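A single structure is presented below for examination.
Labels for the chains are A, B and C, by order of writing; each one numbers its residues from 1.
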Amino acid sequence: MSYVTIDQVTKKYENQVVLNDISITLNKGEFATLLGQSGCGKSTLLRSIAGLEDVDAGRILIDGKDITNLSPRQREVGMVFQSYALFPNMNVFDNIAYGLKMKKVKNIKSKVAKMIEMVDLAGKEESYPHQLSGGQQQRVALARALVIEPKVLLLDEPLSALDAKIRKSLQKELKRIQKELNITTIFVTHDQEEAMTMSDRIFVMNKGNVVQSGSPTEIYTTPVNTFVANFIGNYNVFKMDTFRKLVRSTELKGDEVAFRPEVLKLLPIGEESQDLQENWRLKGIIKDVSMTGNILRYEVESEDFSFHVDDLHHRGAIFDQGTHIQIILPKKECLFL
Amino acid sequence: MRKIKKQKIYLLALLLPFILFVIGFEIGPLAAMIKNSFYADDGIQVTINQYLTIFKSDFYMKAIQNSLVISLISAVISVITAVIAAYSITKFSQKIQNRLLMITNMTSNFEGIPLSFSYIILLGNNGLFTLLFAKMGLDVFADFNLYSWTGLILVYIYFQIPLAVMLIYPSYQGIKKQWKEASSLLGGSKFSFWHRIGIPVLLPSIVGTFSILFANAMGAYATAYALVGSNYNLLSLQIASLVASDVALKPQLGSAMGVLLAVTMIGALWFNEQMMRRIRRDLR
Amino acid sequence: MKSLLSFHKALVGLLVIYLLIPLIGTFLFSIAGKWDHTILPESYTMKWYIELFQDERFFDAFQRTLFLIVMSVGLSIVIMLPTIFIITVYFSKWERLLQAAAMLPYGIPPIVGAVGLIKLYSNSLIPIAGTPWILIGAYFITILPFMYQGIRNSLRTINAVQLVDAAELLGATKFQAFRTVVFPNIISGILVSTLLSVALLFSEFALANLLVGGRFETLQIFLADKLNSSGHLTSAIVITYYSVILLLTGTVLKLTFKNEKNPAGKKKNRVLSLLRKQSRDKKFALEGENS
C-alpha cells in the first residue's frame, strides 16, 4: 500500500510545462530523492507537495487522504528549506517550538527538548540563528520540521549551502534520524553523489519528466538513456556508428553506446593479458592526466575519439601525457541505448 | 482551487486603500494637470494655446531661462566642488571620513526656508557679514545683493554641495587600489591613471549627479520663495503664483508650465538612470 | 606627499567651515543679546527661546505639523506594509507596476504636484481642498518612495516569502505568519525609513504653502511668516526646528550603524550603506531600481 501518491500531476507557468503528468508512489518510511539539474522541476514538485505551489492538474495523496486542495498548514508535512528559513527574531527553542505553539500542542517543552537532543544541539536553546554556524542552523531547521511529527518530510537541497566536510557528516546524521523515526522523506538535490549515498530510491528528473526511477545501484549501472548516463556517472557516450568504426565491429545494435570511465583499463604497449573474446582492445595516446586524490583521470585519444578513463591511484603507476597505451574495454560493461 | 481564488479576492481588497491613494493624490492630479494644460483660460475650449503663450511670452521664457541658468550654474559649481572635496575626503582615515560624511549629511538637511533665513541674517541687507564688512571698509560685498540671482545661486550651491558630495563619494570607493597598482606596474603615471581609468570610471557618476542636482534646483521652491518672494522671475515661483496666488489666477497656464517642469525633471532623472545603468554594467 | 595632504586638509577644512557657518551664525544670533559691530556677540541671552516657548502660535504650529506627520506616516505604514507584502508574495507580476507608482513621486516636484491637486480638488465632490486632509494625502505620496524602498528592502533582506512559507507549513495562518515572523523582523528596517520620512515632512513647505497656506499654519509656514519680523526670534525657531531634524537623522544614523554591526547583515562598507540609506530620497535615482 503506497503512502504517498502523486497522480498525474501537471503544472505550467504561462506556456511552459514545469511538471509534465508526473506519477510517483512512495512507501512508508522510504527515503526518496528527486534528482536533476536546476530547472528540471524537482523543486516545483516538492513545493507542490508542500502546498506552496498550486498544480494545474492531477492529485496528491498522503496516507490515503487527498491533499491536493488543502492549504500548507493542513497538509501535515514538514519542510526544510535550502536557506533554512529560520525565524531570525526567535532563538533555537522558540524556532523549534513554533509549530507546536501554532497547533496548540501540550508538553511543548519536553517535545522540543527531545528534538534538540536528537539533532545534537543541547546547550544552544537560547542562541539566535545568526549566532549559529550553517550546519547548526540546518539542524534547527530539521528539528523544527520534525517536531510537529509530520507524515512526510520534505527536504529542498538542505545541504547545498554547506561546505564539503559538514555536508558529509550531516548526510549521515540526516539518514540516521530518518531511519530512527522511520519517516517518509522526499529529498531534492542536484548532486548525484549525495543522491546515491542517501536514497532508497532515486527519481531522475529532466524537463518536467521523471526519466528514470530505481535504487541507486540500478540508476548507476543501468541508465535508461544517455541523459541519465551523462548525469549520473560521467559516462563516455558515443554515437553507434562512430563506435562501430572504433571497435571495427558491424554487429552492434542500438543508437548509442555508454560506458563508465572506471571500467576501462590502460596497459602499456606490448603487454598481453586480456581476453579478446570479452574485451575490445584499442590503441591510444594519453592527452591529459589529472589527479583528484585517490582517482587518476585520463583523457585518452584513440583514432580521433577521445574519452575519459578513471583509474585508482596506485603508487608510481601514472602514464605521462603523450604516452602510447592500449585501452581495454570489457564488452559486458557497455550499455547499448 | 476555489478556496484559493476566494482568498485572492480577499487579498485584493486589502490593496484597495493604496490604489485609492495613488489615484487620488498621484495619478489623478497628474492627469488633471495634463488635461487642464490643454484648455483655454475659460476652462471649456480645448486648445494648445497655453503652450504657445508660454513660448511666445518673453516674460515666461525668461522665467524658464532663469531657472535653467540658475540650475545649470549651481549644479556645475557644486559638482566640481564635490568631485574635488570628495577626493580629498578619501585621503583621511576611515574614522575622520565617517565624521566628515556625517557633517555633509547633517547639513544636507539644512535647506528651504530655514536656510534662506540663515543667509538673510548673514548676508542680507542688515546681515551680520554685510554690516561687518561695511564697517571694516571692505568693498567686496558692496555690490552684492542677496535678493538677486547671484544670491540665489549662492544659496542653491550651499544646499547642493552636501548632496553632491554624498552622491559622488561612493564612486571613489569603486576605484580599486589594485587598479592604481596595476596601472603603475604597467608603466602608467599618476596623470595617465586618472586620465585613462579614474575619470572614465567616475564620469557616469559625475554626469548622473549633475542631472540630479539640476533637477533638484529646477524643482526648488521654498528657498527661492523665502529669499526673493515673487520678485524674481523663476519657473517654480511663476507656477505657484499662477495657481495659488491672490491675484491673477491662471490655472490652465500654470498647468502647462507644470507639465514643462515635470518633463524637464523626468528627463534629467531618466538621463541619470541611463548613466547609472552604465556604471553598473561597467563595474560588474 | 606631505604638502598634498595639507592641501586636502585645507580644502576639507574650508568646506566644513563653509557648511557650518550659516548654522553657527544662526545659532549665535538666536542667543545673542547685543550684536551689531563685532565678530562675536557682545552679550548672550536666552530670552528669544523663552519668548518662543511662550508663544502659543509656535506650539500650535508645531502641533499641526506633528498631526500631519503622524497621520501621513501612520497611514503610510498601515497601508504600505500589507500592500507591498501582498504584492511581493501573491501578485509578483504586478511588482513593476507597484514600483513605478511608488517611485514616480521622485520625478514630480512638489510644486507640480500642487498644481494638479489644486485643479483636481477645486469644486470637487470630495471637499478636501484647503483642508489638512488634502495635505495628508499629498504627504502620503511624498514619502511613498522612502516607505516603499524601506519596506521592500526589509522584506527582501529577511526573505519574507520563505519565512511565511515555513510558518504556514508549521501550522500558522497567513495572518499569524505575518504577525509572528514577518513583522517583528522588519520593524528596524521600517523605523529608519519612517524617521527619514518624518524628517522630510518636517521640512516640507511647498505643498503646505500652496495647498493650505495660512488656513492650517504648519511650522514651516509659521517660519516663513516670521522671516521678516524679529531676526533673533526667528533664529530661535530655526535652531529649535533644526535640532529636531538633527535628533531624527541622528537616530537614523545610530540605527543604521547598529544594523550594520549585526552579524547577520552582510559585510559591507559601513559608510557606503549608511549613505545609501541616509540619502535615499534624492539618491534613489542614482541607485536605480536596486533590483
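By definition in this document, a residue touches a chain if its C-beta (ideal position, glycine included) is under 8 Å from a C-beta of that chain, and two chains touch if they have at least 3 such contacts.
Values in this document were obtained by computation on a predicted structure and should not be read as measured data.
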Innermost chain by mean C-alpha position | C
Which chain is most remote from chain A in terms of Cα centres?
-> B
Taking each chain's mean CA coordinate, chain B and chain C are separated, in whole Å, by 17
Approximately how many whole Å separate the CA-defined centres of chain A and chain C?
-> 52
State, to the nearest whole Å, the distance from the C-alpha centre of chain A to the C-alpha centre of chain B.
-> 57
Chain B residues counted as touching two or more neighbouring chains | none
Contacts with 2+ other chains: residues of chain A | 71
As the complex stands, chain A meets chain C at residues 50-52, 71-73, 75, 77-79, 81, 83, 85, 87-90, 98-99, 102-103, 129-131, 144-145, 148
Where on chain C is chain A touching in the complex?
-> 158-159, 162-163, 165-173, 176, 180-181, 184-185, 262-264
The residues of chain B that touch chain C in their complex are 8, 11, 14-15, 17-18, 21-22, 24-33, 36, 81, 84-85, 87-89, 91-92, 94, 97-98, 100-122, 128, 131-132, 135, 158, 161-163, 165-167, 169-170, 173, 205, 208-209, 212, 215-216, 218-222, 225-226, 236, 239-240, 243-244, 251, 254-255, 258, 261-262, 265-266, 269, 272-273, 276-277, 280
Can you list the residues on chain C that touch chain B in the complex?
-> 4-5, 7-9, 11-12, 15-16, 18-23, 25-26, 29, 35-37, 39, 75, 79-80, 82-83, 86-87, 90-91, 101, 104-120, 122, 126, 137-138, 140-141, 144, 199, 203, 205-206, 209-211, 213, 220, 223-224, 227, 231, 234-235, 238, 241-242, 245-246, 249, 253, 269-272, 274-276, 278-279, 282-283, 285-288
